[in-house]
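Have a look at the structure below, then the notes.
A, B, C, D, E and F are the chain letters, set down in written order, and residue numbers restart from 1 in every chain.
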Amino acid sequence: MKLIMAIVKPFKLDEVREALGNAGVEGLTISEVKGYGRQKGQTEIYRGAEYTVNFVPKVQLEVVVDDGGVAKAIEAIKAAAGTGKIGDGKIFVLNVEDAVRIRTGETGSAAI
Amino acid sequence: MKLSGIQRLAGLMLVAAIAGASFAAPALAQDSGGSAAASAASSAASSSASGGPAASATPAASAAPAASAAPTPVFATSPYKADSVNSGDTAWMLTSSVLVLMMTVPGLALFYAGMVRKKNILATLAQSFGATCVITVLWMVVGYSIAFTGSGKFIGDFKYIMLAPMGIASVSALAPTIPETVYMFFQMTFAIITPALIAGALADRMKYSAFLLFMAAWLLLVYCPIAHWVWGGGWLGAAGALDFAGGTVVHLNAGTAGLVAALMLGKRKGLGTENMAPYNLAYSVIGASLLWVGWFGFNAGSAVESHDGQAGMAAAATQIATAAAALAWMGCEWIIAKKPSVLGMVSGAVAGLVAITPASGFVDPTGALIIGIGVGIVCYVASVHVKHWLGFYDDALDCWGVHGIGGAFGAIMTGVLARNSINSAAHGWLYDHNPHQMVLQLEDVGATFFYCGIMTFIILAVLKYTIGIRVSEEVEVEGLDINLHGEVVQG
Amino acid sequence: MKLSGIQRLAGLMLVAAIAGASFAAPALAQDSGGSAAASAASSAASSSASGGPAASATPAASAAPAASAAPTPVFATSPYKADSVNSGDTAWMLTSSVLVLMMTVPGLALFYAGMVRKKNILATLAQSFGATCVITVLWMVVGYSIAFTGSGKFIGDFKYIMLAPMGIASVSALAPTIPETVYMFFQMTFAIITPALIAGALADRMKYSAFLLFMAAWLLLVYCPIAHWVWGGGWLGAAGALDFAGGTVVHLNAGTAGLVAALMLGKRKGLGTENMAPYNLAYSVIGASLLWVGWFGFNAGSAVESHDGQAGMAAAATQIATAAAALAWMGCEWIIAKKPSVLGMVSGAVAGLVAITPASGFVDPTGALIIGIGVGIVCYVASVHVKHWLGFYDDALDCWGVHGIGGAFGAIMTGVLARNSINSAAHGWLYDHNPHQMVLQLEDVGATFFYCGIMTFIILAVLKYTIGIRVSEEVEVEGLDINLHGEVVQG
Amino acid sequence: MKLSGIQRLAGLMLVAAIAGASFAAPALAQDSGGSAAASAASSAASSSASGGPAASATPAASAAPAASAAPTPVFATSPYKADSVNSGDTAWMLTSSVLVLMMTVPGLALFYAGMVRKKNILATLAQSFGATCVITVLWMVVGYSIAFTGSGKFIGDFKYIMLAPMGIASVSALAPTIPETVYMFFQMTFAIITPALIAGALADRMKYSAFLLFMAAWLLLVYCPIAHWVWGGGWLGAAGALDFAGGTVVHLNAGTAGLVAALMLGKRKGLGTENMAPYNLAYSVIGASLLWVGWFGFNAGSAVESHDGQAGMAAAATQIATAAAALAWMGCEWIIAKKPSVLGMVSGAVAGLVAITPASGFVDPTGALIIGIGVGIVCYVASVHVKHWLGFYDDALDCWGVHGIGGAFGAIMTGVLARNSINSAAHGWLYDHNPHQMVLQLEDVGATFFYCGIMTFIILAVLKYTIGIRVSEEVEVEGLDINLHGEVVQG
Amino acid sequence: MKLIMAIVKPFKLDEVREALGNAGVEGLTISEVKGYGRQKGQTEIYRGAEYTVNFVPKVQLEVVVDDGGVAKAIEAIKAAAGTGKIGDGKIFVLNVEDAVRIRTGETGSAAI
Amino acid sequence: MKLIMAIVKPFKLDEVREALGNAGVEGLTISEVKGYGRQKGQTEIYRGAEYTVNFVPKVQLEVVVDDGGVAKAIEAIKAAAGTGKIGDGKIFVLNVEDAVRIRTGETGSAAI
């Protein structure tokens, strides 16, 4: 099993979730994060002085899938999250050694 | 950041600008023999005119003939003998008192709390709320006695300690148409908001114990005497300075104290490097709105009656100047920073309210419009540009930039635009050709600036070298809410 | 989503329902010769009765005999000559003005800000606040002059530009017991909230520059003339239409403008797909509460005096109708959606306030109860079901659904339930057997609906093809706060 | 946690303390023959004095001679015949009514909403808002009739159902200088806030349907009768108990109901284990501030006029006691918990407002100061320490600890500190040597405590065994907002 | 060392933390996340229209433990977080190559 | 590639970000988390009763770097985040099997 960690633009979230659903992903976990990268934050004004916010709001998705499902999932995310503009985000893949479904105690792929 | 000599110099000049004027004043007074009569006249009427909250507004009624040229029906002198307590005046003054109390809690509390970072929201609210409580009690114990009783030139007497002599049927000579209890309460609400305004300069770094002691000492040593000078029958009022509702007594006074306090406290940690943007400007908008709404008790209430046209004219002037100032500030930002910020709009509105405070009741609608536009621009420049350029004081929420500068601007413009046809006790420069009024206004501004500045310095110096006035660096970084009050805004 | 012909049709019918009536009116007027006398009578008194805010309420006093059948002590005509300025009336009208100002800032500002998404909270607050400032200045420059001076049938004259003729002692014939300054200020607060209400239909997508220009143009071209027709001595008031505090002049007027504006702006991006649920309804509850509280200045203040029973009866009717409407809306939701939402309760309360606005001062408590229950149900259906079913306009915060529908409903019900024993200037259908009043009310509704609809369209069309009225899609997605004002609500 | 017998015992004693007294009272009454005259005198005047909101305050005017020893000018009896409706009194009472309405929405709503956890914020707001609506309608239908009409010793008559006999010119004998419509509205706002206060004890766990039914039943079966006893011409008022604005009728009454309700509902799930700290105290500060501001309508408004000094003295007393109590509570916390919490300051302020309610109008400034300091300490101990030590009731937001204890304390202190020179209808123990007044006050406290306690128990018992009063555990854990109202505060 | 990533129901947090403490875990990091899975979100009402929120509030725990402690920790979480109802959550195990305690610079197991 | 997961004190964030920038890190993602460990939370007061909050606010940084950059990055974080006081936080290193830049589709090191 692999953990797919994707960082995308917030307003793309719904599309990405649907795309993953179509790709057979049944569960995922998201969290609101802030990103730092090529894309610079918006410039806020405070007492007339402009200053740029270093961090940009992003959404991080964490999805655990079978090794077989990784490629499909990545494709789905790329297709749904891409705008071609700077700041589209990243996808990272990590290895997961085990998974457990708390409710049933199932482990491994069965738990996903 | 390091400070170039030129900047320090400019800073001093800023101060001198206000200071110098008042030295010039007396001299100028000598020269202006031509306006002696006018000056005398204005002095004569001054005890009521300059009386601000203390002004019995009867003159306005007698101004009717003057104004009766207007192509509208006019009313003769009011149906009341102005010396009898009546339910209408009392109703309006009770309402005004409540409105001014609302300006401090929750108005001012929210206005400031919305501008600080999340970790200091509750502590900022606690400053306004705590100040309200401390001052209320002190006002009853001795404050009112010092400010509004007796016939001293500099301070009142102490007969009214604990308000002992104030019976159910007492009436103050300063407000002949309402019970003295109401007048005492109305004045109390002014005494509450003035020191509370200073908190804007202290944000994010003052010890709460020191803050409350500072409020107490400042009330008794600074506010009460100055209020007596101008409104309580003291020397400034007698001299003929015009301050309808507190341009100098309240705003320049609080602003000056804020400037001194900001210098003595030092800058907030992380200023310039950390993001100090307001956490929730929605609070500031609520606060500014309630300040605006409550200010009608402040200005129109300062007619201390509702039986003739004075309260109404003061209300109209207040509304017009406030809106004009907000638009002026908004316009400056739109042009210079390309975007009109919400913080700018509400700051502009407050600046307008500040500047019209001494003038309302003396100026006509057009005068109010001029003052509003002017102060919007002046305070924008002072708070946004001059402050950063000078850079040696951290007037966090612009107490000096808005209340100090705005109050001084308003007091001076009052001398220019005051109009006899609006208030028979006033003789302004422009309309009534009385340059001498300018002298009196500058005297008023200078006296307030110096007395307040020096006394504030002394009070804070004593506190600083005894209990200390600033929190530790850890506390400042972690936040005042959790450390001073043991609470936080969750989530 | 695609729109079936049937729906478009229904949409047109909704409009026709209101429109058709007014065409019928004149004709009907011919037929109703029988009520000529009554009609004449009501016309006679109308300049005061329909005067709403402008109504000198003396008739109510003379109504005492009529009511004296009541098994309670009654008071004879008030101790005042109604033509003399007095401190009590002035106190109440100053208070009322302040209350109505509070309705807009912070009341309306919060009511709307609580319903939008986080990214647009400050921009929504800025709409109410900015409108208040722009309108205040324009009202002083020329608005008051157009609406409440002169004797034109359609607009006033321009003698009052800059309020020049308004002296300290001026009194308006429309409000003989208070200074004109107070009357001008009171009317100003009405002129402020009416355009500001439209913002509810523009939420989340309008350019701020276009918004402020729209407010300015709409005030001068739509509000001022209509206010003159009904309250300023124009043709509708003279005809005898009853609108105590602004059911048509304020609410139907703003609601209609909202409907037109929503159609011209188009729908919010993501409507139907994205979650548009309110971010912080706590703000909306504060806002609705302050609207409720301030509305007593609006309705009871429209008696323009406090020396007899009219203000009190208007206050009672207002309170009863508001509560009844909130319960009615709550009930509908409880039955249909199984849960009573907080948004529903506050929307119902506002609907009740809207509908009782034209009727307060003319109806008795039972009449108020009926109007409240009725409007709660009607506006619930209009805002929750009809809007979605029609689906071709995105009246984001239900400006049309609540103010437009509610205002029209109230104006019509006023004709039904107005009662001569409550206001001697009124002759309603049910109690006073004067069907002709219905004609006048429908005329009033129709005239407002059409004039406002057409003028609003023209104003927005001009803006749309010059500076543009809608923000770019990116801006809309990212949020108005950061893009229009450079600020955000943190955290 | 398990409950030791000693604690249960102490709990009962707490109750007995209040209870016992009132049994003693009658007996004591017999003994105090010496003060028969005084007692008679006070009875004579009592219908006005104890009238609280119902008090025609003429006595205060006639008190002028008594007070004229004061070293200040005094005003002769007011220029009005106190029996004629006048615009000033009407203006003040309309304002007062609006202020008291503002106490409940948004004041009380925010005060409570700020103290609960995020998941229950909207539900808490919905309690105050919904109660306001239900009570308004019931008051119009029959409540006013029960409480303030007729001459019954225990309840009024039913002639005023739907307010049918209340014409535009009606005047109530209980308020001769304002229209009855205004008096009905003023009393309505009291009837609204009293039951709404109980919500503080029900927080986080009551079904909304049961809550609204409880409000309705409690209004008609508990509030209306007790209001009639004390203010509507019933037996307690006639006996001479002094309750100017509702120490027992409003606060002890609501507090007692809260205690009973807390016991019948049981504790919140997770109490003691989960973190129940307030989510956003900023709301509570806004709420407390608006309660403070609005309370002047409550206390000063209870003079039911503004034509003499009584309203002003009541206002002064209110302000002083509130500030003193906030400081006292703050001080206790500073000493014991080492940090002055914001929740403590606002709770103290409310406790002060509660305790001065029955006394304002009868005590002088010094008396107010004493009551304020006393109640700040008493309520701090009751809410913070006694509650935890007893630990068998979960008075979530301290409805009993602040309103119950504070109201009883204030009622008793009124007997001690009431002063004839402040209100000629009062004869207190300390200044006027009338111990018998203590008997009357204890009678008042005891009667309210027992009648309210028993009736509240019956009402809730019926609801509990019919529709049920508490939500399911899942609902309580997930939050009331989403489950009862289908909404949440986002973010 | 392993990183145990557990997604549980918010109101179970305190119990889980205690259980882990008893299992010898001395430190952990939590974050508020939103979950998508079998369990559907609550239905909010807006203007009378009901709509279901796709994402359910969850709490994510991240605990790094020695290889030896993994089984015990998982057991503790399962026991404390389970309600038997849908939505109880998941546990994922990832390999951690190194750990550092910033304060002391200790690395490896010593840093946990 | 490795994922460096660091938990640090919030007010150190800016310094850490700069240090990482100087160490050649071009992108990173942060999230607000709560930590449990040796450092105990502040004591809040509620109705006079003090109680300690178990969880301390922390910031979690997630940075993916080439194997070569790991040591430098860790050093940078340690230097910038350290105060020597309890609660300075931890750094964990996990292996990343693949990375994708959504905008361009680049994978592997090129995507970082």
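Everything below uses one rule, namely that contacts are C-beta pairs under 8 Å (C-beta built on N, C-alpha and C of every residue); 3 or more make two chains touch, one makes a residue touch a chain.
These numbers come from a predicted model, not from an experiment.
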Both-way neighbours, i.e. chains that touch chain C and touch chain B: A, D
Touch-network distance, chain A to chain C, counted in steps: 1
D-F or B-F, whichever has more C-beta pairs in contact: D-F
Chain A onto chain E, rotation angle from CA fit, given as a multiple of 5 degrees: 120
Separation of mean Cα positions, chain D and chain A [Å, integer]: 55
CA centroid of chain A to CA centroid of chain B, Å: 54
Length of the line joining the C-alpha centres of chain D and chain E, rounded to whole Å: 48
Chain B and chain D: spacing of chain centres that average the CA atoms, whole Å: 36
Residue list for chain D, restricted to those that touch at least two other chains: 80, 86-89, 91-92, 95, 277-278, 286, 337, 339, 341, 343, 485-487, 491
Touching two or more other chains - residues of chain F: 31, 44-46, 50, 94-95
Those chain pairs that satisfy the touch definition: A-B, A-C, A-E, A-F, B-C, B-D, B-F, C-D, C-E, D-E, D-F, E-F
Interfacial residue positions of chain B with respect to chain A in the complex: 275-278, 333, 336-337, 339, 341, 343-344, 380, 383-385, 388, 398
Contact set on chain F toward chain E in their complex: 2, 5-8, 31-38, 54-55, 58, 60, 74, 77-78, 81-95
Residues on chain B engaged by chain D in the complex (per definition of touch): 80, 84-92, 94-95, 97-98, 101-102, 105-106, 109-110, 113, 121-122, 125-126, 129-130, 132-137, 140, 159, 162-173, 178-182, 184-185, 188, 208, 283, 286, 484-487, 489-491
Complex interface listing, chain A residues touching chain B: 44-51, 53
Chain D contact footprint on chain E (complex, rising order): 11, 14, 42-46, 50
